[in-house]
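Below are two complexes that have chain A in common, paired first with chain B and then with chain C.
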Partner chain A sequence: MSCAILGIGSVSALGCGVESLKAGLAGSVAPLIETHKYDTVFGETAVNAYTASINGLERFLPRNALRRMDRLSQMSLLASFLAIEDGGLVLEDRARIGIVFGSGYGPMQTTFGFLDSLIDHGDKLASPTLFANSVHNALAAQATIALKINGPCLTVTSFEQTAHSVLATAMGWLHGGQVDYVLAGMGDEFCPLRGYSTAALNRGGCSGVMRPLSLDRCSHVPGEGFITFLLGKGDVDGSYCRLTAATVGRFDAAADLPHEQVFIAANGIRETAEYYRPILSLKKSVVAYASLYGGMPAGNGFDVAFAALSLRDGIVYRLEDERTATPIAADAGIDCVGFGVGGSCSIITLEGRRPVSGSKQ
Partner chain B sequence: MKKRRAAVTGLGCICAAGSTVEETMRSLYAGERNPAPPVLVRTDIEKISPVFEIFSDFTGEGEGRNATRTTLLAIQAAREALAQAGLDAAALKAARVGVIVGTTVGCTLNNEQFCREYRLSQKPDVSPVTRFHANNPALHLAGLFGCGGPAMTVANACSSGTDAVGIAKHWIETGLCDIVIAGGSDELCRTTYIGFTCLMITSQEPCRPFDRNRKGLNLGEGAGILIIEDHESARNRGARALAFINGYGSSADAYHPTAPHPEGLGLRRAMKMALAEAGVAFGEVAFINAHGTSTVDNDKVEGKVIADLFPARIPVVSTKSYTGHTLGAAGAIEAVFTVKGLMDRRVPATLGFEEGEGVITPTVENTPVAGTTAISNSLAFGGNNAVLVVGMPSA
Partner chain C sequence: MSLENELKSLIIAELKLVDIKAEDINDDQPLFGEGLGLDSLDAVELVVLLQRHYKIETKDLEQSKEVFASVRSLANYIRAQQDRK
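The block that comes next holds the complex of A and B.
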């Protein structure tokens, strides 16, 4: 049931495009982190937050088309255009392309914007435009319109299981023959109310510097961004790698990881930290990259992108303490593991392409 | 290898027409509906649109103080469906059980009080945020019933419930799950009520799907849940297949964020896709449970597509005339009605309809249906179209 990752589009605090992720791994670019201050019952609290850069959407769409589009829609649209561009394919039959997007919180800024409009102007004069754009599937709708894609279109929201839901659905569509390609994207945005909630929930007890492998302390720093994959069937010449499995459930993840290389989605949240501890004690190579993209429910989609890059380039970077680069075989596998607050676990497995000529470098 | 089939073994429903499937069907066949000014929603909008609110004493008692109304509705419908399917906690624990629920309100952090206090620098308590985290409908049901498989909340606006049931079908067929608790749930919400009013698509009169003088939709609330199982496993444990989900089609208009494509191109594709997946010809369809919101645009486009694809007139019903538009729950509630319509061999009248536009005429009285296959349509904001093909077991 495997499928091929043909293209990756990324919008994150590291910048735009898949090369920004590579630069983040190599340490030549640092994520943009801004500090915000909130007045909570615990006093004035500073919250660091990863801030995505959205540059280059004008390259794909006229400026007036962007005027009414909210930040999360812009991120998702740019990531999707970049994924198609990165895939280098001419997508002809647009009814045979599906879109599945996921987000933990949806377009929060717009949701709160609509509430602002009714608080400011009263029930009768609340903004219909903001309301229409506050629905979770507004991003996918914008993408279908901008990209003229007529195939199946789905939006899901399952907090930490969001990335799994998106990729498993995409794999199901490809396997079932409903589509030839899928744009599978996921992400979240930062907004002041999310910052305030982080400040109030952390009670000033967070370090403000993301250290995902330091499981004993809270180091959660909220993040934002959007990652889109262009997926196709089978093992395709020129692809990054194969997406071979997406499993989810309540099981002993440490006993179920088939590959030596493991990417964990630990992101400094204490409620999930304990679930990752058994994995760290395995005799496996375990890395975490949330310090590059920030904490967000759908963040482990970025881990999948880093895994695809690692398999393409044959290098796995370790970020803790000193940055090191270790070779990984072209036909190796990587298990991307994420836990939800309730302990449910998702494992997304990628494997290097079987030896074929002309691999993408 | 034998193809796995998605059998429906349990149904659950709560909406303004009734608090169980049987109670609801009785209301539908009796032609009873009770749209009324909202009780749960307070607003200073003068021109009030009636709503289809669930009896005001519904509390979902015993399910925990932190559960939202959307979650409570889903739990009630799920308990009814599980009971009919004969599945208890031990059975759910022993099988590969997935949960998939569509919603709109249930996945949106739209707490007005929290937002208002924050703007006024009143340092609001963050309990609305923690409550929001605890009430993702699918994750909540999965935790409550101890389901170990995938848990996915679909946020596809008004087609969410239909999409949830369609995806559950694929989960069964591909072997991802043996059992899926699938459906949709949405509560009546002040934010949504104001939003739809601002969009000027609500009617101040009871809705009149497909009528030439229709003025818009009425909002409703509720939940519909179907237990969908691999037919072989269901049979092995002695469960009866009430129906099968034989086809699912999904398609995007790629046209406009809120308006359907004027020619209904996306809906046409979704209907054809669903029928092709089911291996069913147009002439074999016994009836259509239409999306039928009673908005000017939706009914015009949907009516045109149905008339074009089904030139031989077949019964078309809009059950939103009894439930109002329950948004993320609508497709699931209507899937329940579609199964029941096939089982009962009749569909109810479309209330409020008096005079058509010369395109289609929906049912005007309880109408007998002959055949073993029916369709349920959903259209949504964003141009989503989702269609289910439901079939009866062979005699």
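The block that comes next holds the complex of A and C.
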């Protein structure tokens, strides 16, 4: 039931493209973090936030074609173009390509902008452009239009389980024979409302520096970005690795993590930190990369990308204290674990490509 | 600022036009098609713009084609409606 990760397109605070993720892992690029100030009931509060770079979309589309797209749509579109480019896919039978995107919050700035226009001007004078983009499926719809893809098109929202929902859907489409390829993407945007919420909720209690493995303290820093995977069937030469499972449910630390290497999506939120603690006590190699991409519900999609890069390149980076690089076998597996606030757990498993002589489709 | 220039700035801002300044738009340049290149969704935004900023409603479709032909025709329509109030 596995499928192949053929290409990765990334838009994050590290920059654009899969090379920016590699540079972030290796420490040659630091994420762009900006400080915003909000006047809350607790006084003026500064909030750090990861800021994604969306420079480069003009390489694929004229600027005028982008004018009605909001930031989240632009990030998702750029990530998708980059994934196709990275996978070297020539778009031929566009009815055999599916698009499934996910976002924890959806296009927040647009959604609340539309609500503001509704409140300020009434239903007759609310912006039609904001309305059209305020629905969650605008992301995938914009991509189908821009890429001229007319296979199945879906956007899912499942907060911290968003990455799982997207990848499980994509695997279902591929193995059900509905499509030959899927663009499976996930991400979230930062906007003033998220900044204000963070300021009000933190009340100065967070350090402003993300330390995902320090489970005893709040270190959540909101982030934004979008990661898109180009997925195909089976085990394909030239692919990053295989996506072998995407499951969700209650978690049994000892039974549910078969592989030695575990990537956890801890992101400095105290409410979920306790769920990760049992994993740290296992005799496994555990890493967390939220300090590279920032806190967002769909953020563990970036963990999947980092896992794919690790398996392809044979290196796992540890970021805490001193950055170290450890070799990982080409046929190893990595379990990417993410918890929701209610304790539900998603595990996305990647395994290295099988040797060609023993490949099974 | 003249009403024409005010309209140009509003159109650029509200329709999120890129790579264009108010001074680049000629008063008589067609807003749709070959001119400024606006489309039907922009037309709806323009109707909303008129109502929001000038409290003017446009309901007659045939008349709207003339009104929204250019910045000058739009400005003339606004002046005429304001004079009637």
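Here, the second predicted complex is superposed on the first by the 349 of 361 C-alpha atoms of A that agree within 3 Å, B and C clash if a C-alpha of one lies under 4 Å from a C-alpha of the other, contacts with A are read in each partner's own complex, and residues count from 1 in each chain.
As a convention for this text, a residue touches a chain if its C-beta (ideal position, glycine included) is under 8 Å from a C-beta of that chain, and two chains touch if they have at least 3 such contacts.
Quick caveat: nothing in here was measured; it's all calculated off a predicted structure.
A.B. asks: On the A-aligned overlay, A:H121 touches which partner chain: chain B = first, chain C = second, or both, or neither?
C.D. replies: second
A.B. asks: Given the touch rule stated above, what does A:N133 touch, chain B (first), chain C (second), both, or neither?
C.D. replies: In the superposition, A:N133 touches chain B alone.
A.B. asks: Check whether A:R67 is in contact with chain B, with chain C, with both or with neither, and answer first, second, both or neither.
C.D. replies: Second partner only.
A.B. asks: Touching A:T157, do we find chain B (first), chain C (second), both, or neither?
C.D. replies: In the superposition, A:T157 contacts chain B only.
A.B. asks: Using the touch definition from the top, say if A:A245 reaches chain B (first), chain C (second), both or neither.
C.D. replies: Neither partner.
A.B. asks: With the two structures laid over each other on chain A, which partner does A:I348 touch: chain B (first), chain C (second), both, or neither?
C.D. replies: neither
A.B. asks: So, does A:M296 touch the first partner chain B, the second partner chain C, both, or neither?
C.D. replies: Neither chain B nor chain C is touched by A:M296.
A.B. asks: Please determine whether it is chain B or chain C that touches the greater number of chain A residues.
C.D. replies: Answer, by number of touched residues of chain A: B.
A.B. asks: Going by the contact rule set out at the top, does A:L215 touch chain B (first), chain C (second), both, or neither?
C.D. replies: neither
A.B. asks: Residues on chain A in contact with chain B in one complex and with chain C in the other?
C.D. replies: Shared contact residues on chain A: 124-128, 132.
A.B. asks: Inside the complex, what are the residues of chain A that reach chain C?
C.D. replies: Per the touch definition, chain A meets chain C at residues 63-64, 66-68, 121, 124-129, 132.
A.B. asks: Any idea which chain B residues touch chain A in the complex?
C.D. replies: Checking each residue of chain B against chain A gives 43-46, 104, 107-110, 112, 114-116, 118-119, 121, 123, 125-126, 129-130, 133, 136, 138-139, 142-143, 148-157, 163, 167, 170-171, 173-174, 176, 191, 194-200, 250-258, 265-266, 269, 273, 380-384.
A.B. asks: Could you please specify the touching residues of chain A with respect to chain B in the complex?
C.D. replies: Chain A reaches chain B through residues 1, 39-41, 94-95, 99, 105-106, 108, 111-112, 114-116, 118-119, 122-128, 131-138, 140-142, 144-145, 147-159, 161, 164-165, 168-169, 172, 175-176, 178, 192-193, 196-197, 200-201, 248-251, 340-342, 344.
A.B. asks: Within their complex, state which residues of chain C touch chain A.
C.D. replies: That would be residues 15-19, 37, 41, 44-45, 48, 51-52 of chain C.
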